[in-house]
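In the two assemblies presented below, chain A is common to both, partnered first by chain B and then by chain C.
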Partner chain A sequence: MESATDKTIFSSYVRKEGLFDEVFKNNGDVKSVYQKLLDLYGSRSIEDYVNLNTKAKSSFFNQGITFQVYGDKQSQEKIFPFDLFPRIIDPKEWEIIEKGAIQRSLALNHFLWDVYHDKKIVKDGIVPIELLSSSPNYLHQMMDVDPPSKIYNHISGTDIIKHSDGNYYVLEDNIRCPSGVSYVICNRTALKRALFGVFNHYKTHTVTNYAENLLNLLESVKPPGVDSPVCVVITPGMFNSAYYEHSYLAKAMGVELVEGRDLFVENDFVYMKTTQGPVRVDVVYRRVDDLFIDPMEFNPDSALGVPGLFAAYRKGNVTIANAPGTGVADDKAIYTYVPEIIKYYLDEEPILKNVHTYHCSRPDELQYVLDHVKELVIKPVDEAGGYGISIGNRLTKDEIEKVKAEVKANPRKYVAQPIMSLSVHPTYIDEKESFEQRHVDLRTFTVLGHDQQFVLKGGLTRVALKEGNLIVNSSQGGGSKDTWVLKQ
Partner chain B sequence: MLARVANNLFWMGRYIERAEHVARFMNVNYFSSLDAPNQLSQSRQFVLRSMLFMVGDPVHDESLKLNEPDILYDIGLNPEKNYSIINSIKVARENANSSRDLISTELYESLNKFYHYVMNYPTDTFVKTNLYDFTVNITEMTAVLRGKIRGTLLHDEVYAIIMMGVNIERAIQITRIINTKYNDALMAKGSYGDPIGNSFEWTTLLKCAESYDMMRRLYKKSPNSTSTLEFLLLNGRCPRSFMNCINQVYKHILEIDKKVEYAKCSTAFMVGKIRAEFEFKQIEEIQEDIQGNLNLILNKMFKISENMENEFFHY
Partner chain C sequence: MFYEYEIDYDTQNSYEQGLKEAFWQFLVIPEENDTQEVTYWHFENDLGERNSVSVNGLGFKTVQVRSKMEIDHIVFNAHFKLIKKEINPFDFELPLDSKEEFVELRSLDFRTDHEPFLRNTRLTHLPEKYASIFSFDENVSLFENLQALNQWVFNKIFFKPGVTDVRTHMEEIIEKRHGVCQDFTHLFCAIAKKNGVPARYVSGYLHQGSGFFGDSQMHAWVEAFVPNAGWIGFDPTNNLLANHNHIKVCHGKDYTDCAPLKGVVYTFGKNETKYSVSVKAAQQQQ
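Let's turn to the complex of A and B:
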């Protein structure tokens, strides 16, 4: 009989029919790019692997890369689940992703300029005015404001999936305060610590250059008339769930991590309070939501923001990245127009595909959605973090009726898409002590600067850890994997 | 550097240092009392009272019988007591958390590991069998932290602020420890010659300050009150002495405040004045009224700290 120590880590791996496996072909052969990796991992016993896994976890824990879980008595610190088996993207596929991500970000940037200025795209009948006027993320305060270098979405997180047809599709654009990039770097560090040997067999692009490039691009969008800009990262504070990322980025860029109370505005210039008196701030990389950045202009109860910041911004004395009001371009209703938006502004065909989307705001499409709830994913237009999503084939009859009623009552609030089958990747499952198929997506990070763009070669592969689950967000129990983009 | 962050780093330094002194005081007093030469010094009640006096929670009721596990728990691991070691480490880490972008990953990782070690330390074993293990580990880990502060940070304003915190706290804790042991010596008198001057408590005091061996090397005699106080208060070469602390504080304040002429209300001026006073102080002057003078020193250190808040940490 085989004992647990004899079992190799893939001996009980099961491939399900109809799922696109990133590592194995349909006939069970290993894809060539993964062959070496599988040989290296496959020679290890489960026990070995469990050992390494435990070490990697304690490395995260000791570095304080954790989030808080609030219990009855005391809050507990947990690490984000991390898988030691990396995902590999070959250079040809990556080229498509990278070009596609830049194309989308540039097109959305043009779109933002347009909707906050002449609204040509509306006048030309491409995007209906109701989509803007009914969007809670459209900030009228941004009308006719010219952000430095005409850039709005300096940092974009594009969520991309691979469907069972083997093609990449964009699922979502995140151009408000996309997070997760620090985990890309932590995952790499943890994997290097645990399994440095495997890196000898693959030529992988680095991900540690993100902060350097980010700072470069942030400095390139400085307000006019500033020679060497002072950049800061603004955070809601240490109790924010992404605080680790904020502090990591500030440290890696070598700039100050400030809170709202560290800044003040005088004569429409922004200053931070230092031990040596006030120091002028030129570029603010903000990780605070639109409505909280300035209590004088937006939510008056916000203690996180800086009174007068928006006025300084409007005067062109400070750059805010991302610009306020970008949320109007990344909600799920605008998403469906992105192919048209790309054609309109760039006169190019979209490089990355969009998932076909039905707008419940259009009567004929609403009817289709109501008739096909079972085959569709129905999403609220303006929620982030995977909340409020219903997946048709998971619903009971009663639930379907509930969804129908809800959609009928608020058609503008919902869009629907065919159920996309996210590709699966072998992932180590703690409870089972073995590898199993789990659905994954990929969040890429694109940075726009003054006449220059940067896409981090890598990205955050998010894993839905519950069997069969398609929602990968960390707030819904998702984990992540290191992602290797191979050199040509 | 941001004023808020400077404030946090200053207190991180202070709390790391505080944890160390409390741990060492517990350790040395408890274990040296086990074979102390006179009965009072050997008494467990005497030692527990001495510990509470040191952390600033003295027991005035002489008939009260203290419960050893309770007192050890309070000082070591009770999160409800703000003088406890666990609390110092918690606050130190909280302060580090809010300035994580400025300190090195290495320093943060050590402090974080230290925090988890203390948070997960089993209370039961601590009060029953592991007082030695726990307190020794605290002193070791704080030494590691000091090493990381020194060895992995840029020696700039950030470093200077942390070191100001460390040295101000050290001066305060050393002074408190001297005060406590002086108080003990008054009660547990020696058996020959000058009963207070020759008390066993002076040896304990030196050990509490990790200065016993070096003091013997310098004076080549058994410690008495005069030599011990001179060594711990006025000897600038003894790293734990008040004199050395104030020298360090002076050195670091010049790093933060680079003006050539100091305003009379500035911290730099204040520190320089205290330093000049003690540079030419004789131990006999202090001995005229030991407790009075120790309190004066404490007040001066509190003033420096207060002044720093107004001058640098205003946000």
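Let's turn to the complex of A and C:
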């Protein structure tokens, strides 16, 4: 396979000034943790790499690991672009990330309990009541409901970036139905198939234990009085962009994948229709948004939900994970209060930093945002998947005026952050047939159960494949890398 | 003084194309509270399906019916007997000084505790251009202000069935000045909330003593929160305070929380809903 005449894969790698490269130091030396990997990869030619990359891609396609982009009528399914050059996180850095992610999830869980019960954090003047009452995800129906083991955000996806100052920052919390974990596992599988040898040189933590931990979690929050709970994964269906993941998780856990129409509620108990008759369901891992899970309580037009599910939940006959109403805590306006939320409930300093955020709902900050659109990222507070984001220095004059008008008209809908320079990682670019620097972030997955705290040792490194692009979401043309967390 | 009532709620829904599967939820059971007690209930549907009593997200009892067979209609009847106590709306501690009342309304604790009923909803959102259509006078008590609002809404809107529905925008109600009890109630709630007073939509039955509007249908009125007194019922459709003729089923932020019938039916084509309500006074007891 090797042909010495070809150029080696990093021979034309260009390091741009001012970017934080995770693999190379400023002086061009390779960081020690990557040295071995570079030696291994460096012994191959670009052609070898192209070959492997093509094989890995077809492996993804053949396994059906695809996603769908909303609003794109051209193609229904796309492969999530995968890069064969992994990202490595050393044990010391990982320890910070892991502790920080658990701290954040615990604090947000306390916050959710509080805002659905005594609202002490509001009465103590820390979080404004207006932020809650204007959030469509602050569910009146969840008031004074006690979820099993007092857990709301069973599964959190925390998006973390490494800034050019070398520190990790949290970009956002995802605690409704965070997706992406199946790609973490598939990336590992694909890399092992393509380049098994490299794993012999690194002691890397496994990521395949996620499903096991997820199932433990779901079983740990079963309704009282149930011995061996029946768990299901509920999906909006095959047209959902994350359908592959829903089916993967159900299969990996050995539980049924259902749609709303496969379940029914009678006498406040939830049943699954099976060929052997109805089977009682105790725990629902839902990948359907709050407002669609039960047309009796929420969006009456929803055909994705199960009528009567919420009443069964409120009565304690079924557990829903994540709990309904968690969306109020991953609102991007609440995000800015997370450092205070951590101090308030845990009496600890935040381990992971927040990116400074301006609230357009505050008049003085709104003025700052309007005056500095060019230097800021403007984000809608309630959209997921990177939709509706404007990056100031990429906008034309007209676009800036448009953004300003939109923000002025709906200040509560927007927050703004300084443009953070995400770290870059060498990424193979098809068209150029070479490695180039591309911005990356990291989504970690945290699981909170009854006496269980687990962070998947790995995570989804997302890559913005367009040169200079900072938005890494798969729906915005991002790819991903296998992420190795090394053992101590 | 006690009043005994018999209430019938009857509904018939027909579906042109027929249904394979359906789920209906009726929010028609009177609430148990200090002034009313349900002594008997009976539910019937002509499908032979079970009538399951459940509790909705805001804590009110519902009846759920799930059909598993192919059908083209459902007839559902509910029958209640109920004892209602006389309500004296003036039965509360001496009100705070009116100035203090308004200070209380603005306090963070108060706004936090009553957040759900101060929240703007689509149906109780006062259009910006009418933001000051009715302002409270802080020199008189909150209760008097609310009574004045009750009368103002009563005079502002003319009762006229069939011209508005749940999709009607509040602007249209204010400008065309007609509507039914839902519209009176939403307008009252919107103005009260705009002035910082928690207000909630109440759905229930009205015993038609002497030609009030709202009989033979479910009725709607308002409960507004007065510090030191609690929730007080106002019926702006009839310019009344809620009294022993008002039999409460539930409350919510607006009509959406209180719709008497919610259903999920898997069908095409038209459907038709008919319903009627009757409230009879059985007896008066000293």
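We take it that the second predicted complex is superposed on the first by the 472 of 488 C-alpha atoms of A that agree within 3 Å, B and C clash if a C-alpha of one lies under 4 Å from a C-alpha of the other, contacts with A are read in each partner's own complex, and residues count from 1 in each chain.
Here is the rule we use: contacts are C-beta pairs under 8 Å (C-beta built on N, C-alpha and C of every residue); 3 or more make two chains touch, one makes a residue touch a chain.
As the structure is a computational prediction, the values presented were derived from the model and not from experiment.
J.: Once the structures are superposed on A, label A:Lys374 by its partner contacts, choosing first (chain B), second (chain C), both or neither.
T.: In the superposition, A:Lys374 touches no partner, neither chain B nor chain C.
J.: Return first, second, both or neither, reflecting whether A:Phe61 touches chain B, chain C, both chains, or no partner chain.
T.: The first partner, chain B, only.
J.: Once the shared chain is lined up, is A:Lys123 touching chain B (first), chain C (second), both, or neither of them?
T.: second
J.: Is A:His450 touching anything from chain B or chain C once the two structures are fitted on A? First, second, both or neither.
T.: Once the two structures are laid over each other on A, A:His450 reaches no partner at all.
J.: Given the touch rule stated above, what does A:Val258 touch, chain B (first), chain C (second), both, or neither?
T.: first
J.: I'd like to know which partner A:Met272 touches here: chain B for first, chain C for second, both or neither.
T.: A:Met272: touches chain B, not chain C.
J.: What is the contact status of A:Arg394 with respect to chain B (first) and chain C (second): first, second, both, or neither?
T.: In the superposition, A:Arg394 contacts neither chain B nor chain C.
J.: Answer with first, second, both or neither: which of chain B and chain C does A:Lys203 touch in the superposed model?
T.: neither
J.: Enumerate the contact residues on chain A facing chain B in the complex.
T.: For this pair, the touching residues of chain A are 61-64, 233, 237-238, 243-244, 246-248, 250-251, 256-259, 261-262, 272-276.
J.: Name, in rising order, each residue of chain B that touches chain A in their complex.
T.: Per the touch definition, chain B meets chain A at residues 1-6, 94, 97-98, 100-102, 105, 108-109, 112-113, 116, 157, 161, 256, 312-315.
J.: If you look only at chain A, which of its residues touch chain C in the complex?
T.: Those residues of chain A that touch chain C are 119, 122-123, 125, 129, 132-133, 139-143, 264-268, 295-297, 300, 303, 307-308, 310-311, 314-315.
J.: For the complex, give me every residue of chain C touching chain A.
T.: Of all residues in chain C, those touching chain A are 23, 25, 50, 52, 54-58, 62, 64, 66, 108-109, 111-113, 115-116, 118-119, 253, 257, 262, 264.
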